[in-house]
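If you scroll down you'll find the structure; I have some questions about it.
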Amino acid sequence: DLAEIRERGVIRIAVAMGIPQYSYIDSNMQPAGSDVETARMLAEDLGVALELVEITNAARVPTIQTDKADLVVSALGITDERRQAIDFSVPYATLALVVAAPADIDISDYADLTGKRIALTRATTNDQDITANTTGAEILRFEDDATLITSVISGQVDIISSQSAVIGGINERRRGGPLEIKFIQRETNLGIGLAKGNPELLAWVDEWVVTNFDNGRLREVFTTYQHRDLPDDLTSR
Amino acid sequence: MQTFGTGHFIYLLNGLWWTIILSALAMSLGSIAGFIVMLGRISRRKWLVRLSGTWVQIIQGTPLLIQMFIIYFGLGVVGISVPALAAAAIATMIYASAYLGEIWRGCVQSIAKTQFEAAESMGLTRWQALRDVILPQAMRIATPPTVGFTVQLIKNTSLASVVGFLELTRAAQVINNSLFEPFLVFGIAAALYFAVCYPLSLWSRNLERKLNVGRR
Amino acid sequence: MSVAVKLDNVVKRYGALEVLKGVSFDIKAGEVVALIGASGSGKSTALRCINRLEQIQGGTIEVCGRAVNDDKVDLRALRQDVGMVFQQYNLFPHMTVGENVILALRRVKKISRADAVQISRKVLDQVGLLEKIDNYPEQLSGGQQQRVAIARSLAMQPKVMLFDEVTSALDPRLTGEVLRVMEDLAKGGMTMVVVTHEMGFARRAADRVIFMHHGNIHEEGDAAILNAPTTPELREFLEHDLN
Amino acid sequence: MSVAVKLDNVVKRYGALEVLKGVSFDIKAGEVVALIGASGSGKSTALRCINRLEQIQGGTIEVCGRAVNDDKVDLRALRQDVGMVFQQYNLFPHMTVGENVILALRRVKKISRADAVQISRKVLDQVGLLEKIDNYPEQLSGGQQQRVAIARSLAMQPKVMLFDEVTSALDPRLTGEVLRVMEDLAKGGMTMVVVTHEMGFARRAADRVIFMHHGNIHEEGDAAILNAPTTPELREFLEHDLN
Amino acid sequence: MSYQFNFAALVPYWPDFISGAWVTLQLTVGAVIFGMVIGVLCAIARRSRFVALRSVAGVYVETVRNTPFIVQIFFLFFGMSSVGVRMPIMVAAIFALVVNVGAYTAEIIRAGMDAIPKGQIEAAEALGLSQFQIYRDIILMPAIEKVYPALTSQFVLMMLTTSICSQISAEELTGVANNIQSNTFRSFETYIVIGLFYIGITLMMRFGFWLIGLYAFPRRRVMGGV
């Protein structure tokens, strides 16, 4: 818990590398992205050193459950299912989930996906939404965003469900015409995850998020990487 | 938009370094454990044979990925925190012990039973017979399949990424996640694997050829 | 003369197949016995039972006063007393001729390296192969390999030697050489049991001949029975002998 | 009588080692020839050259009027004329005795299954192994395997048979049986070349004996030369014969 | 740490586990059958007299054996679609597995063929059999019989490798497990359950290969030792 972290002088924050704009490796081979920046800020404000625990997407929850890290700051959407396994802070950022496709494909809601082939990243909120809301669509689940993006760039699939931030990256490389956003599935609130039973740590993190959201530092970090603004009422959602 | 540069290449080399470290750990620890498993498999005691047989069956029957996951997170569950390197090394050691044990058992048993008989009828103990007569011969037969397994193990260490281990494949994935140039990045990773594995394969083939000539 | 090997009503089965059906014979110390009989009659099996490479299902075997099929028998001591030369030689292919001979001297008898080398040179000289001491088995002809196998057993100075068809791969000349070695051993008082299908060899080598038939001893006596068999089975067996 | 096999100045080398140094002999149709000589003298090699399992480096070989070492020779036709029984039997371990015999009849001679089975039963009966038709080679004793190998070759009704030490694993009784089969074949007019190290067998089986020494033919003549050798080498070779 | 095991949470997902196992099985069977064919052909090619054939087979075998499966499957799946060939997932996955296991099988079977005693082949030649007949009747089955244990292990290993096919969105056991654990956060329990599934499939495979062995190698029925 909090006292232990202070005593240790190090906070271990888990980040899944490879979520575009949130956490990735920059050209200097250093971790970068809005989540990475957020983690750095948090450690600095707590007055301890930061140890980034680089993990994979699927390991985000188990890493916290088994105490391999103190916090997870990794585009982790706050859901009821996840709340049963770990605790979340108040929202610190959002993830816009969209369905995108080339211009010549006509889709405007879930019902239009019937009979189509749609790709997404496994174990994400996109996955849950699409699985729950469509019938008769062929869903291709890739293990991470990079593979998903590769599948669209290489032309294996045309329609994807992902977070809005990846669309730009895809369109830079794609040959068969750019993707456009067909509809927004939802804007998911992202929370900082931590193990259950740490009220002090949770309280500190909550307070930190609210303070830094209000003073604009968190919003600035987000906008730098994501090129969009966060909603004003985020921390009270 | 970023492009592939020397920084990326060095990052991959760093991943390759960890791949080699992990493989070396797995092979050195795994061969000790594998030797013990082999002894169990050829033992005269029924229960030892059965025990080691079950071990081999279970380990060979589950993917390395799942073994890694269970060891890394499983030890965490019971409160033992192991570093990723240790977890990956333990898992690959266990994995290697089953395969090496089985490969070596096959080799030892392929040495004609009459060699054992000849040694024993000269009064050698079972252990002396094994050490002086059987193992030196089995070792020659065992080298090609052992090298073959090593090559597979080097590639399978890529599964250690599940426990957050940044070896070659994972490094390639991380780079690809920011570059989105899968053919380039994975192509280079494949070439690096090839550069490590092919000499081993070549060596084992030459060895095999030499041994075959010996037997004629 | 004391009894070196004593089989009493020995029964050996492989599953349902009864290979030895109550075999009894005594071999006196210093005696040379030839074991003959048709293929599959149980000759090799009998030899293998004597130094307990096979477990027996009935009867008793005694070698130099030791109960072989007793669970508490000191197997290593037994096997120091009994040397065996296999039909297929079973040399250790990864060792030179010299190393093959030295191995058991060092490991079992714990003799110093220098002494072991000296012994190995002596026995290899005895079988006429001293100059091959640093060759590997593969580099030898069949007959030479067979003689190395003999030398390897001799080096241990066993009290009893078991030879299983040691001349099968040899032309007349080499057969003669092996015979000469065995005659030397006999003069030195060694007990020998020789399985062979060459009657000429049995005639020359053996003090006594035991004829096995379907897992039983059917006829025995001195080498003369090869010229005047009393049972029709032995007569039939010998009838086809070309010589 | 016509010539079945004709070797003219045949040279065979393995690398630098000259194994056959200009060997010449004729074998007439219907003749039985024994090839004897010390281990390594080139007997097996000579047989293997006759049905072109080995390429030769000099000279010519003719079998039933065919130039064996001609590049354009019809190898399959040649091998239908020449049967070979190997020293190591070389039975196909994954096939039963019957299947071993039938295989070439079906594949090479394209005989119907029923006819092939009938032929196989006939030849197996001839070597006394009809009841083993459904057994696998491993289930047979050495002598039985050797006889199956003979039956397998016989079934193809070759004009010439090459036997390489076909009695090495046999006791006198089985050797006798094989001899009887060969005598039947000889009566039927088959040409046979027999490599053997048993002089008794050579005496009984052969019309003519060829003694090889260091890759050359050193002496030849009818079986009488085994009793009265003219060259010192053959005399020395025979000296050690125990019979 | 207080981790409470809760397998009950997984009960509603049993149809998913079953369907995952079924996909794994389909991938395995497909890959074994075609991999065997490729393996035999390549083994023969590697022993061929023709240099060209030998080297083509050699390059294929060495390339595949010395690079990771994940890279191979990426190149096949995404590479093919880059040049406009879009295959159904299962076809692509089986294709990649066949390419992979074919190379390993080729090496194993080649070793078996090399171990057939030369005398056997000479005996067949002496009987007048053609090269093709010798391969079919004398070499192939005994060679496979000799390396059958190694072959079985390789195919089991390949079955375990099918888990990587989840990378290209095949819904096999591991993929399904990842779906389920992302819903339940019972990763441990999920991995333990699919671990048991894999062991079950392994046992089934070994039993299946044993049965096939009984049928394919009648000698073993008589002599024992399958």
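What to note about this one:
First chain written, first letter: the chains are A, B, C, D and E, and each begins at residue 1.
Definition applied: contacts are C-beta pairs under 8 Å (C-beta built on N, C-alpha and C of every residue); 3 or more make two chains touch, one makes a residue touch a chain.
This is a predicted model, so every value here is computed, not measured.
The set of chains touching subunit B and also touching subunit D is given as C, E.
The pair with more inter-chain C-beta contacts, choosing from A-B and B-E, is B-E. A separation of 19 Å divides the Cα centre of subunit B from that of subunit E. Centre-to-centre, using mean CA coordinates, subunit A is 81 Å away from subunit C. Remark: subunit D and subunit E have CA centroids separated by 46 Å (rounded to whole angstrom).
The mean-CA centres of subunit A and subunit E are about 37 angstrom from one another, to the nearest whole unit. Subunit E has residues 1, 3, 74, 78-79, 82, 187-188 in contact with two or more other chains. Chain contacts: subunit B has residues 73, 76-77, 182 touching two or more partner chains. Taken residue by residue, subunit D touches two or more other chains at no position, since every residue touches fewer.
Listed by label, the pairs of touching chains are A-B, A-E, B-C, B-E, C-D, D-E. Across the complex, subunit B is touched by residues 1, 3, 62-63, 65-71, 74-75, 78-79, 82, 107, 111, 114, 149-150, 153, 156-157, 160-161, 163, 174, 187-188, 191-192, 194-195, 198-199, 202-203 of subunit E.
Subunit A meets subunit B in the complex at residues 17-20, 24-29, 53-56, 58-59, 62-63, 65-68, 144-146, 149-150, 153-154, 169-170, 172-173. The touching residues of subunit D, counted against subunit C in their complex, run 38-40, 141-144, 168-177, 179, 197-201, 203-204, 236-243. The part of subunit D that touches subunit E in the complex is made up of residues 51, 53, 75-77, 79-80, 82-84, 86, 88, 90-94, 103-104, 107-108, 135-136, 138-139, 152-153, 156. Listed in rising order, the residues of subunit E touching subunit D in the complex are 117, 119-120, 122-130, 133, 137-138, 141-142, 145, 217, 219, 222-223.
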